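Worksheet: the structure to be examined is printed underneath.
By written order: A, B, C and D. Residues from 1 in each chain.
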Amino acid sequence: MFEEVGTTIDGDMIINVGPQHPATHGVLHLVITLNGETIKKVEPHLGFIHRSIEKMCESLSYRQFIYVTSRMDYLSAHINNHACALCVEKGLQVEIPPRAQVIRVLMDELTRIASHELWWGAMAMDLGAFTPFFHAFRERESINDIMEETCGARLTMNYMVPGGVMQDLHPNFQKRTKEFLQLYKRKIHEYDELVTGNIIFQNRMKNVGYLSAEDAVSYGCSGPAARGSGVSCDIRKIYPYEIYDKLEFDEVLETAGDSFARYMIRIREMQQSIRIIEQLIDNIPEGDFQTKTKAVLKLPKGEFYTRVETARGELGVYIVSEGGTTPYRIKFRSPGFSNLSVLDHIARGSKLGDLVAMMGTLDLVIPDIDR
Amino acid sequence: MWLVAPKTGSVASCPDKTAGENKKRIDQGTNKKGQRITMSNEELKTKITELLPAATFEEGGEWLNINIETKDWLSLAQQLRNDNSLFFDYLFCLTCIDWKTHLTMVYHLSSTQHRHNIVVKSKLDRNNPEIETVAHIWKTAEFHEREVYEMFGVNFLHHPDLRLLILPDGWEGKNPLRKDFEDPINMIKL
Amino acid sequence: MWSFSNIANNLHEWLSNTFNPTMTLIIEMVLAGVAVIGLFAALGLVLVIMERKVSAWMQIRLGPNRVGPKGMLQSLADTLKLLVKEGLTPNGADKFLFNLAPFIAMIVAMLLMAPIAFAKDFQLWDLNIGVLYVSAVSSLMVISILMAGWSSNNKYSLMGAMRSGAQIVSYELSAGLSVLAVVVMTGSLQVSDIIHSQADGWWIFKGHIPMVIAFVTFIIAVTAETNRAPFDLAEAESELTAGFHTEYSGMKFALFFLAEYVNVFIVCAIGATLFLGGWMPFHIGNWTAFNHVMDYIPSSIWFFGKTFFLIFVIMWFRWTFPRLRIDQLLNLEWKYLLPISMINLLIVTAMAILKWHF
Amino acid sequence: MFITKYIKDVYNGVKSLLVGMKRTLYYFTHHKEIITQQYPDNRDTLVLPERFKGEVVMPHDENNEHRCTGCQACELACPNGTIKVIFKNELNAEGKKKKAIDKLVYHLELCTMCNLCIEACPSDAIKMAQTFEHSVFDRNELTKILNNPGSKIMDGVE
């Protein structure tokens, strides 16, 4: 009898959110135990788009495997590619020309803004406000146009190669980026008006999904999810790569640890990315965009690990090389996987509607979790 | 009170905060437990030798690599986590490598307070891989260990919930990331 | 002058002269029924295209612009699509209740049309307890939603229905209390009396601040009662996929959809009747010349103008605000709106006794 | 004071709602801000950036000559096995047998537009085209032969 209506012995209702559900932004399957509207347990079931990228990469050469990583966290494809390129460069011990470094950082930051824009719109949509989604896309599209002009694709660019970047910047790049900066500054106050300042929104977000700093570290959270709890974990600051140590930007931190803190982190991180772009856009050094590398790359025997900060948190690329042309084993430590594991912890005891808000603030990208 | 915004959290203002205020936040956020003392690889080596004399070390990489016996892992993990001068509270990567003759568990540890990193490795028997779980020490290990369990078939002893996470229900025996795995049905040959 | 009431009267005279009284009554009833169904269809088409255009413009989009001139026939095409779609009934569903629910939603919406005055002297049934009738019948709406949610054999539907039940029953109270404010001022429950009492000014202007408060409470409460965003918890898309009508498809879904829009129209019509004078033109005290100019605008235009303005406001809410959480929703009603409207009613009563209004 | 604070909070809450409504009303009345691109209608005026990666093509000059030497660099660079080079033996001007490409088979359905083949090509024989409307009813149409029938290698390209 209990099975018939899907309840447990205690009278709790078990409900499947996903794999196809508007709030999960992809094919995440959550099995939720509910008592009325209150959540007692959240259990994620993964693997609906697991493509075994790690296994695929074992049969691809060091030039080829980078393109696959665009398909992991497709919203920060550049940063994923960057991490892989950095890891291969670490093994090859090549120096990257300064122009390539600046281009890479510029692209990373543009990607970060684009990713946060999309997150902002989707987050508001999860809470029932549809309009911000389209407003966010206006700014995001102009970033995508910049990407399309320089890299040739809007989402899966495959622009970073070991030794630099694939092509030089498009002549229009600086002009278009400045136009984007102006557009962004003209429109940013709307974000406050429509969502951030809205009293309904604040009530939905504040004091919801509390995550303490200790738990954030213990659950392996990174990126905005951990920084919302006051954990300083921005890889760009604490283990700087490329030219991040020479740039002036702040690591955004909030101490409240609730959904609203995680929201504010991302909103203010966009400002910091804008700051970085402003510093670099007029100071792109002349020179090569790529160092000459051999046609067939061979990494020495050993293990190489790089950490970069994607829009979602810390991405680790761990290459184990046997000295051949393909990696022996490759592991992607994806930020989404660890951030998802905390969902059960923070969702217990809150309402079903809040679960959606929490998933929004954790910014889950399912291909990133499944890989 | 519904119409009144709750008090915690920050004010709703988008323009970026001054650097000073942010620096204050950083200090409040992470350094509250004590002074940051980043240990060099040499210091870490001495310290860990004290804790576990049987450990062997591999150097040359960016981080200190520690090879340990499987049976020592649980006690070492507890000490690494709880020792105030080490305080490795952040397990940022947990994975396994199939070397065809044996498996190797690799744990990447970091300390958010002291900002030092180590890598702990432990050899496992390939036919009957077993290691103690650390899910109660670092909670992130729960999901990562489940992933390793299904991908490599490593049995984590005393794991709270060792089930398939990514693979479909009813998947048996075959471990996709092992080197001898072959899927005759879905294999794409080019 | 051409007006709805002239047409109705001429028709009535012609019918009375041609047939006997019973026959006349039957024919008039049939005609009224056909007119209501026609109005239903027309309203559905107009409101759907209106909603889509409003949302599109607020979202910096173009909106439907392919079917017909400027996309105006889009909702007709949608209706055709829904008509020919297969209406699925889930396996474990309670078939009878499942199929009955959309019709109950529809019938309730139709019944509510009766006491609404669309133009001067143009009303289906001017019953003496018109306002009471409206609040009584509109609360039947919740039955169809509960029925749909329970019989679908779907947990999302059930949760949506339960949410909706709690929500409609709660907000019924403050909607009723703010309607009572007008009734107290007028001293009558009859719709035509209420409209005639606003000949020298609408209640929202005549009744000082308490009436404005009653109006705002009314708008919030009816937005919640019709399950529109930001109170659309019953169908909260990102939480419950589609709430109580998750399992409905084809024409049965279309009936729910239509009933929602017609309900919006009705509550806005009632709001316009009670607070904005219904078909009564905008009159100011004894400015005879000004009032005379205003009288030249036909009464039906006044009525539909006011109603569609209120509908626009409700759509405007929907496309601006995020959704509330269920506990916040109930808090808002029981801790804020209900006490406010009760105190407000007390003040209005005092005003009515002391004749403080204009 | 409790009451003044309460009223102030309610005022601020209502104000925040009104501010949002003002913003949506602005866009409701300002249709010039609309950013929709009416795609199939603007096909004639649509300009894609010259670096856009749509599909791999092999440019031929007016004498039906291409630059492909058949070095297989693209085939090796491709991560998905998208490109296959099929050879034939051909007599050159001096009557010697020479290896040349017969067909350069390109599987568009496998291609991820990663640009690695273009980068690998030593003689600039292939490039990315800006076409993007690739949908077809039959999957086999996506397997393309890049060199034109009867085409030859350009003089001077080794």
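As a convention for this text, contacts are C-beta pairs under 8 Å (C-beta built on N, C-alpha and C of every residue); 3 or more make two chains touch, one makes a residue touch a chain.
All figures in this text were calculated on a predicted structure; none of them were measured in a lab.
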A-D or C-D - the one linked by more C-beta pairs in contact:
A-D
Among the chains here, which has the CA centroid at the largest distance from subunit A's centroid?
C
Taking each chain's mean CA coordinate, subunit C and subunit D are separated, in whole Å, by 52
For subunit A and subunit D, what's the span in angstrom between their mean Cα positions?
25
So how far apart, in whole Å, are subunit B and subunit C when each is placed at the average of its C-alpha atoms?
59
So what's the Cα centroid distance for subunit A and subunit C, whole Å?
45
Would you mind listing the residues of subunit C that make contact with two or more other chains?
58-61, 319-321, 328
Subunit D, residues touching no fewer than two other chains:
12-14, 17, 20, 23-24, 35
Touching at least 2 other chains, the residues of subunit A are 131, 138, 194-195, 197-200, 203
In the complex, subunit C residues that touch subunit D
54, 57-62, 316-317, 319-321
Show me the residue ranges of subunit A that touch subunit B in the complex, using the header's touch definition.
45-47, 50, 52, 54-55, 188-189, 191-192, 196-197, 199, 202-203, 205-207, 213-215, 217-220, 222, 230-233, 238, 250-256, 258, 260-261, 264, 267-268, 271-272, 275, 302-303, 305, 307, 314, 316, 318, 320, 328-329, 331, 333, 337-338, 340-341, 345, 370
For the subunit D and subunit A complex, residues of the former touching the latter
12-14, 16-17, 19-20, 22-24, 35, 48-49, 51-53, 77-79, 112-116, 119-120, 128
Complex interface listing, subunit D residues touching subunit C:
17, 20-21, 23-25, 27-29, 31, 33-36, 38
Subunit A contacts subunit C in the complex at 6, 13, 15, 21-23, 37, 124-131, 133-135, 138, 194-195, 198, 200-201, 203-204, 351-356
